[in-house]
Amino acid sequence: MAQVKLVNYEEATAEVRAVFDDIMKTRNTEYINNIWRALAVHPPLLKRFWLQMKEVMVKPSKLDPLTKELIYLAVSVNNNCEYCITSHTFAARRHGLDDAMLAEFNEIVALANAGNRLTMGLQVEPDERFKPKHDDKAWSVGKKPAATRKQPKPSR
Amino acid sequence: MAQVKLVNYEEATAEVRAVFDDIMKTRNTEYINNIWRALAVHPPLLKRFWLQMKEVMVKPSKLDPLTKELIYLAVSVNNNCEYCITSHTFAARRHGLDDAMLAEFNEIVALANAGNRLTMGLQVEPDERFKPKHDDKAWSVGKKPAATRKQPKPSR
Amino acid sequence: MAQVKLVNYEEATAEVRAVFDDIMKTRNTEYINNIWRALAVHPPLLKRFWLQMKEVMVKPSKLDPLTKELIYLAVSVNNNCEYCITSHTFAARRHGLDDAMLAEFNEIVALANAGNRLTMGLQVEPDERFKPKHDDKAWSVGKKPAATRKQPKPSR
Amino acid sequence: MAQVKLVNYEEATAEVRAVFDDIMKTRNTEYINNIWRALAVHPPLLKRFWLQMKEVMVKPSKLDPLTKELIYLAVSVNNNCEYCITSHTFAARRHGLDDAMLAEFNEIVALANAGNRLTMGLQVEPDERFKPKHDDKAWSVGKKPAATRKQPKPSR
Amino acid sequence: MAQVKLVNYEEATAEVRAVFDDIMKTRNTEYINNIWRALAVHPPLLKRFWLQMKEVMVKPSKLDPLTKELIYLAVSVNNNCEYCITSHTFAARRHGLDDAMLAEFNEIVALANAGNRLTMGLQVEPDERFKPKHDDKAWSVGKKPAATRKQPKPSR
Amino acid sequence: MAQVKLVNYEEATAEVRAVFDDIMKTRNTEYINNIWRALAVHPPLLKRFWLQMKEVMVKPSKLDPLTKELIYLAVSVNNNCEYCITSHTFAARRHGLDDAMLAEFNEIVALANAGNRLTMGLQVEPDERFKPKHDDKAWSVGKKPAATRKQPKPSR
């Protein structure tokens, strides 16, 4: 049972309805998942989280949709978030994931966890050759063009 | 400083050298990463972990190499394994990851963590429609063909 | 060493400069932290993360600024994020946290981790009386006002 | 189902009853939560954990009771401890947390997780100016007053 | 650099010195680790944590000292606590852990993490036969002996 | 409900049956746990994970069986894997763990989590004297015996 009452469309404010409408339109469905109905108790949060999800997960980008779902799912498995594993496995299947691929995906997640722990437990240090190499300069306000620079307060 | 001394080629046993040779051949390199040199203090572990890594990450499969690296990396970021983030970001770059994609990848990892915590904190339950639906039968030994079934011990 | 080159003001695009300017103005400083300079390699991410940080952490809300910093810090300690612990302990000190309060804070974080593990390890189930009680209705598209409801496609 | 049988008052030893009595008195209730009934299978653990909880969470201190509950809850959400989220959300509500504040709290937890992962994934290093500055001296036994110092064993 | 100044013996209060003395006596050493010197900024925390450590880790109990260190270490590896891995690997070596056992230990930690994630990712449910079976009765104040039961306040 | 259908003996391929048979023989039982039935959807994964489990957890080694189970369980509690806590507590009980030892075990896990967070939150650095001391030489291909060294490709 969620810690807050799930909001339904007819009891929603105009602000919440606008988000629900956008979710349904974007996803081409008339169903709103429980998470959005829960977030609706605090409309600014609902709005912020939906806009992020839309920009990061829905909007076309350099990574393809299935890869994006698998990255999201890898995190969800690591955090053991039942809701998220359920809904994002469902989403990944819609993008073509089958049982064998799901098993393969989970084996990589398992192997990464194993490899991480071996490395952490034995405190192995990164090889020099794999470290990034760039020459970072310290931040300096002197590098801001004069026009936008803060003026020292006049002494009185 | 690793908890164990990093093994070098000339002091390695034949068993360890065989693994080192296979790593170098498989990866077409003459360099052995610190993690393998650390695992070499316990040859059976070195062998098991390398064989898994080779079968899961190197052998061609349904998921493409960059996707596999990104799944591995997502776990490593979540576990904050510096060694693993360093070496697998390096590997992912070799498979075509650029700065913008790395940023995009990390934003998905960040968003998934945010979404996971919102769901967990509010204890939102999975929607029925996203749950898998299959009819699992209980395991039953009666379903084993008679020939391989354990015989009850004769009473005396 | 960060995985990406830290962006400096004079090499930044107009889009990035606008965010840097807003950070400096909002925080009344001429210094930009490393995290923002790193995120600047992918301007849409920089913008999204800054806007969220500003709305959630800076904008006045029901929770006071020190409490907000301590919630943020509790998560950062749990995830062992050195950068985040360093910068948010600094921020919390600015809001009045002293050594004794920092120690008290960390003891609560430690105690919660202990309590969580005792409960998880012994698999203790939540007491009925602490569970939320509300009567959630299933989502139903019939509850959308007719005007905004999707029309069935006309058959031809 | 807990891994151990929940102890009831009438079957409890005197040692356990003393703790149960103190919990009921301190909290002004006649109800004992499941966690205490589970810990009662090992009385020294029950006693130690209750005394800590009482000193850290109940005893007045520099941090106010709601802030303390929210720090505890932030950890519990991060660890996904269902029991702890349920009972400490209940406790926080008793100290004045309403739905909007709960949502705001969870958004901070979510944002912190997002920020942590962005920083960890990109391996951003702490800014020098946020690091603590103090001059730690090495521990030296010579600094113990002579009277309490261990005497070298007399040579024979 | 620790977030608080490490306390030295000669600047410590009597309360802190008493704990330092007990640590040195219990461990038969004249050296105090950094963690205790840091906790000393808040003496009640120093005292509570040391007493627990002493009762749980030092005092003889059903589990042998090496097993206890390995349980502590398994958690520390999982949480990637560098300080804790360093100091408890050192402690475990004192109790007889050698390189091969350390490697074996870390392989179990790695395997458990792999097994955990496979189970969580595929959402496999516990087999009925492994669940604990006991008949818990609800807590009932009626079960408290009458003498200690709270009296209803007399109405006036 | 698992994300994949649990495989039963009579519908299993020969490859899967061979693993099931080995599990039953090794464990002297006619029952196959849910996890193996789930992994059976991807036979190479089933095989790899079982062989590892057999070599690491079943095969006699320097660490005794109960200690190995407790290390595995410590990780499972830390990751809050319900399936794993249930099945490995069951296994540990078979190796002699009783209620008081289980409580003691969980208190160590809890204490380690508390200690880890105190150390991480206060960013205490490892004492020099606990750090491993060995003199690692850089990997050098020149150290490979000439016979196995890669020959430079002949220029043409």
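Each chain gets a letter, A, B, C, D, E and F, in the order it is written, and its residues are counted from 1.
We take it that contacts are C-beta pairs under 8 Å (C-beta built on N, C-alpha and C of every residue); 3 or more make two chains touch, one makes a residue touch a chain.
Keep in mind that what you see is a predicted model, and the values were worked out from it rather than measured.
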Shared touch partners for subunit C + subunit E come out as A, B, D, F
Give me the fewest steps it takes to get from subunit B to subunit E if each step has to go to a chain it touches. 1
Quick check on subunit C against subunit F: do more than half of the interface residue numbers occur in both copies, making it same, or fewer, making it different? same
Which listed pair, B-E, A-C or C-E, reproduces B-F with over half its contact pairs identical? A-C
So using the touch definition from the top, which pair is joined by more C-beta contacts, A-C or A-D? A-C
With chain centres taken as the means of their Cα atoms, state the distance from subunit B to subunit D in Å. 33
Taking each chain's centre as the mean position of its Cα atoms, how many Å separate subunit C from subunit D? 22
Can you work out the whole-Å distance between the CA centroids of subunit A and subunit F? 29
For subunit A, give me the residues that contact two or more of the other chains. 1-4, 31, 39, 45, 48-49, 52, 73, 78-82, 85-86, 89, 100, 102-107, 109-111, 113-118, 120-123, 131-132
Given the complex, residues on subunit D that touch subunit F span 3-4, 39, 41-42, 45, 48-49, 79-81, 132
Touching residues on subunit D, where the partner in the complex is subunit A: 80, 85, 89, 99-100, 102-104, 106-107, 110, 123
For the complex, give me every residue of subunit E touching subunit F. 1-4, 31, 33-35, 38-39, 45, 49, 52-53, 56-57, 61-63, 66-68, 70-76, 78-79, 81-84, 86-87, 89-90, 100-101, 104-105, 107-109, 111-127, 129-132
So, in the complex, the side of subunit E touching subunit A is made of residues 73, 77-78, 80, 82, 85-86, 102-103, 105-107, 109-111, 113-118, 120-123
Sort out for me which residues of subunit F touch subunit B in the complex. 1-6, 8-10, 21, 30-32, 37, 44, 48, 52, 55-56, 131-134, 136-137, 139-141, 143-145, 148-150
